[in-house]
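Following this message is one structure expressed as structure tokens.
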Amino acid sequence: MPTTEASWERQQTPPRQNILEIEGLHTQFELDDGVVQAVSGVDLAIARGEVLAVVGESGCGKSVMARSVLRLVDRPGRITGGQIRVRTDDGAADMVSAAPETVREVRGKRVAMVFQEPMSSMSPMHTIGNQIGEAIRLHERVTKAEARARAVELLGRVGIPAPERRVDEYPFQMSGGMLQRVMIAMALSCGPQLLIADEPTTALDVTTQAQILDLLRGLQEETGMAVMLITHDLGVAAQMADRVAVMYLGTVVEEGRVEDVFRAPRHPYTTALLRSVPKLGSGSRERLRPVRGMVPHSYRRPSGCPFHPRCDEFMAGRCDVTVPEPLRDQGRPGAVSCLLYEEHEEHEEHEETTP
Amino acid sequence: MLTRNHKPAAPPAEADPELEFDAAAARSSPWRLVWRKFRKHKLAVAGAVVVLLAYVVVVFAEFLAPTSTSTSDSTLTYAPPQMVKVDLSWSDGLQMYVNGYRTERDPETFEQIHTLDPDLRVPLRFLPRGDSYEMWGIIPWDRHLFGAAHAKDKVFLLGSDRQGRDLLSLIIQGSRVSLSIGLIGVAVSFLLGLLFGGVSGYYGGAPDTLIQRVIEFLMAIPTLPLWLSLSAAVPADWGPMMRYFAITTILSVLGWTGLARVVRGRFLSLREEDFVTAARLDGCGRIRIIFRHMVPSMSSHVIASLTMAVPAMILGETAMSFLGLGLQSPAVSWGVLLQEAQNVRTLETAPWLLIPGVAVFVTVLAMNFVGDGLRDSADPYKQ
Amino acid sequence: MTAPPSEVTATAAATATGTAPLLRTHGLTKHFPIRRGLLGRAVGRVRAVDGVDLTVPAGRTVALVGESGCGKSTLGRCLMRFFEPTSGEISYRRTDGTVIDLAKLDERALKPYRSEIRLVFQDPFASLNPRMTLLQIIGEPLRVNLGLGAAETEERVAELLRRVGLRPEYLRRYPNAFSGGQRQRVGIARALALAPRMVVADEAVSALDVSVRAQILNLLKDLQDESDLTYLFISHDLGVVEYMADEIAVMYVGKVVETGATDELYGQPLHPYTEALLSAVPEPDPGARRRERVVLRGEVADASNVPQGCPFHPRCFYARDRCRTEVPALREIAAGRTSACHFAGELELKGCRA
């Protein structure tokens, strides 16, 4: 994506250093009844220290995309194309083609992941201290005692009270919120440069969610790691992210700075999503204007723009025929994939770009 | 920079993209979905074909067996299997034949030794006349599917046993007992299991505790001594038919426990399902909830575990008969046939006596494959 | 055996909102025993619902909000007598204006009320029997309760499908062909089949995607307008609750800690827990992020081991000595506003209205 790089570098004063670049990623699931294109040509990049929220409804491919980054897609899923470049000490590793050793090296050490269900990603048979220690010892040569000391320190950092005591507890002895903290501690154990958090607070209550989001924010600022936050909750995205990517049926339909996307959404899907959520504190009882229809079944990807059957701005003969390309705008970083817009040469001044 | 293009044209026709995708599935009944899933399980389909063929053999045993079980030739004991050969040079088209036996005596032991004589030809044909029988006890007939062209010729495609009977015919006739005992036994234990498992799972509490303890008790008794004592209790003067029923009863009385546990487990988990709650709130009575909501939801699981129980029963019968606790000659079953293979010395001279074991092996394996496939496809709604 | 209904005149029970309550609980309690050991002796109890007084005015939407484990779902199911309440009254105003205590009725006497109060489930997948067609699912209450014949059932089900926005042609289809939103419509049609007066919607939109959720919310509102339904809307989503509810009851560990009309409660909460809840909701507005937020410490108390005094005090930023010892009662602070906080009215609590 040379254009992206170029435009970003012109935009932002410290030159962007991407630690993850996804280009043309395709991941599909070959099922008995057909092929599901879970991720269908995604381009994304995350710079050092940036928080990118990937939002979308269930089935939009956001989780599969995130798992693809760590090559965690299990059969019958398969990455069928594209590149996933993770910055390493000596350049970049392409996770799509990298050797298994490189993939293991990247997992945990460079890129760590936190999942929605902390319980199912931990072993019920081992104490949490052992599990964190194990994660550390996988990448670093330390003694068991050192690993344990590190585990206690990490638990303290993620706000678990009395970490010296709780390090010896088993996962079933902890609540969902505490376990999510443990997961985060484990993810942080090797100081990753990117943390992928896949719906980290979806299973949690709202007050616990606030605690975990606070924690993530604090840790991100403290360590300077980048965060890719996968969420269906627009509120979480708005509160956490620097940039947002909106996904629909395996493609990124709009992407940009969080203020731009939420204040002046361009893609009709983003607009529709935002107005589907009752806004807290508005006191409005006006009828909601939801997106029409339903997400199409994954075997039946619509022709042209994937959103066209549900789009209020559908243009017959265009949207159902032409697949929109991501369009970029110099006045506003990011891109939108919609045929409503056209790229112009930069000679007139901004008309519509600023909110 | 970006500018907005046109004003939107007319919105698209109200389409239902998502409902058109799988209209067939939308209307398929649950059983068709099970079938669709089962079909993808190649091994299970192959197993199902084998099992089906085995039961075809059971039904048409008299016709398929070249001879009756009572036909024996004391001059041809422990005769080795004969290979069917085809002579293409025969003037009237093909001629199938086997090589006949040449009998010699061992100069030391004076035992008869039968060897195949390449110069002797015993012609074979389809639908030859042979021993007369009554098909299913009603239709008298004397044709068999395949056999010696002349009734006086002896043909032992899989060899003969101690009494000079045709092993192939014995295996075919023996399948009747061996394979039906599984079905009948499972049918009986199915009723018991469904009854006790259902009571246990639906009512819970004291009945549940009682039934569970009984099941644990039954499961804790070692099988062999129990068989021994139970079959010792069967009077020695009972005929083969009575013995058959006695064995079936023994097997099913011991076999229902596993099934009862499956049924109980399903009941317990279904009781908590939202759709059962919904049915209760809809005002459905107990009977309606059980038979309209719970039983259909577990029928496929129950069928899967039934399929797994049939081979266990077959093995049980085989084992009992092999040990001399079950059926006895002149009744024919695979277990009874294998009893003949107990002696190492006979095995050395007549290894083909183990062939009934192959029949047991293939059938049980096939049934297990079917059971596996059914278990995996039993819940077509699980993702 | 029908217990004698305790009758009260309906007019005496009118509330400040001006509408007569359709349903009102008094001291409703549901404790689940914790059984341990071989003999299953009760070693403790979970106070899932602990002395709740709740008023549901006819034709309005009352929301029960709270975090998981606060007992809101149990309360909803106790009202329907799906769970047997441990103690307390459920006064229900019948169509003829007389009031009856549902908690004291036996199963047979309860039957007519079972079709007047209906439940919409959270999980649109688990709540529909996958082995039945839509006709059978929605037709079941009709057949069982009204004894309708095949033709009439079919006609009524087709009409119900139309009302919830599904095509009547789908009658003979199985639920597995439908998406979550459509299944939830089927669940709503089933609830409406018997023309209920009250619908308990237990997290009815929580499992749905954002875009579909808005469709279902709209549908619920339309149906309420058409049929004069009363909703008990159980939800943890404060944004949705604000949109749907006329009145709100906030629950914490089995108890109602605050009630009030939606606008007033959101504008000026009277219980610190409500304040924290409102503050914790992430808003889809990046500008709101520098807002000062109340992030609670600790976690929801365990309902089998409720803290002494005010159950919320270990997490409360305003807790004082009195809170550690004395259980606050739910009391009226202003007209139509109650709170179970010793210092309600004294504390300056922040709402979420500008």
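Just so it is clear, A, B and C label the chains in written order, and each chain counts residues from 1 on its own.
In this section, a contact is a pair of C-beta atoms (placed from the backbone, for glycine too) under 8 Å apart; a residue touches a chain by one contact, two chains touch by 3 or more.
Here the structure is a predicted model, which is why all the values come from computation and not from measurement.
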If you count the contact pairs for each chain pair, which pair has the most? A-C
Far-end chain from subunit A, centres as C-alpha averages: B
Per the centroid of Cα atoms for each chain, what is the distance between subunit B and subunit C, given in Å? 54
Between subunit A and subunit B, what is the gap in Å from one C-alpha centre to the other? 54
Can you compute the centre-to-centre distance for subunit A and subunit C, using the mean CA position of each chain? Integer Å is fine. 34
Where subunit A touches two or more other chains at once, by residue number: 294-295
Multi-chain contact sites of subunit B, meaning residues that touch two or more partners: 16, 18, 22
Touching two or more other chains in subunit C are residues 179
Which bits of subunit C are touching subunit B when the two form their complex? 80, 82, 111, 114-115, 118-119, 121, 123, 126-131, 140-141, 144-145, 167, 170, 172-174, 176-179, 187, 190
Hey, which residues of subunit B end up touching subunit C in the complex? 16, 18-19, 22-23, 25-30, 33, 273-275, 277-285, 288, 293, 296-297, 380-381
Taking the touch rule as given, give the residues of subunit B at its contact with subunit A in the complex, in rising order. 1-6, 8-12, 15-18, 20-22, 40
What does subunit A use to touch subunit C in their complex? 57-58, 175, 177-178, 205-211, 213-214, 232-241, 258-259, 262-263, 272-274, 276-285, 287-291, 294-295
Which residues of subunit A touch subunit B once you look at their complex with the stated criterion? 32-33, 266, 293-297, 299-300, 302, 308-309, 311-317, 320, 327, 329-331, 336, 339-344, 346, 348, 350-353
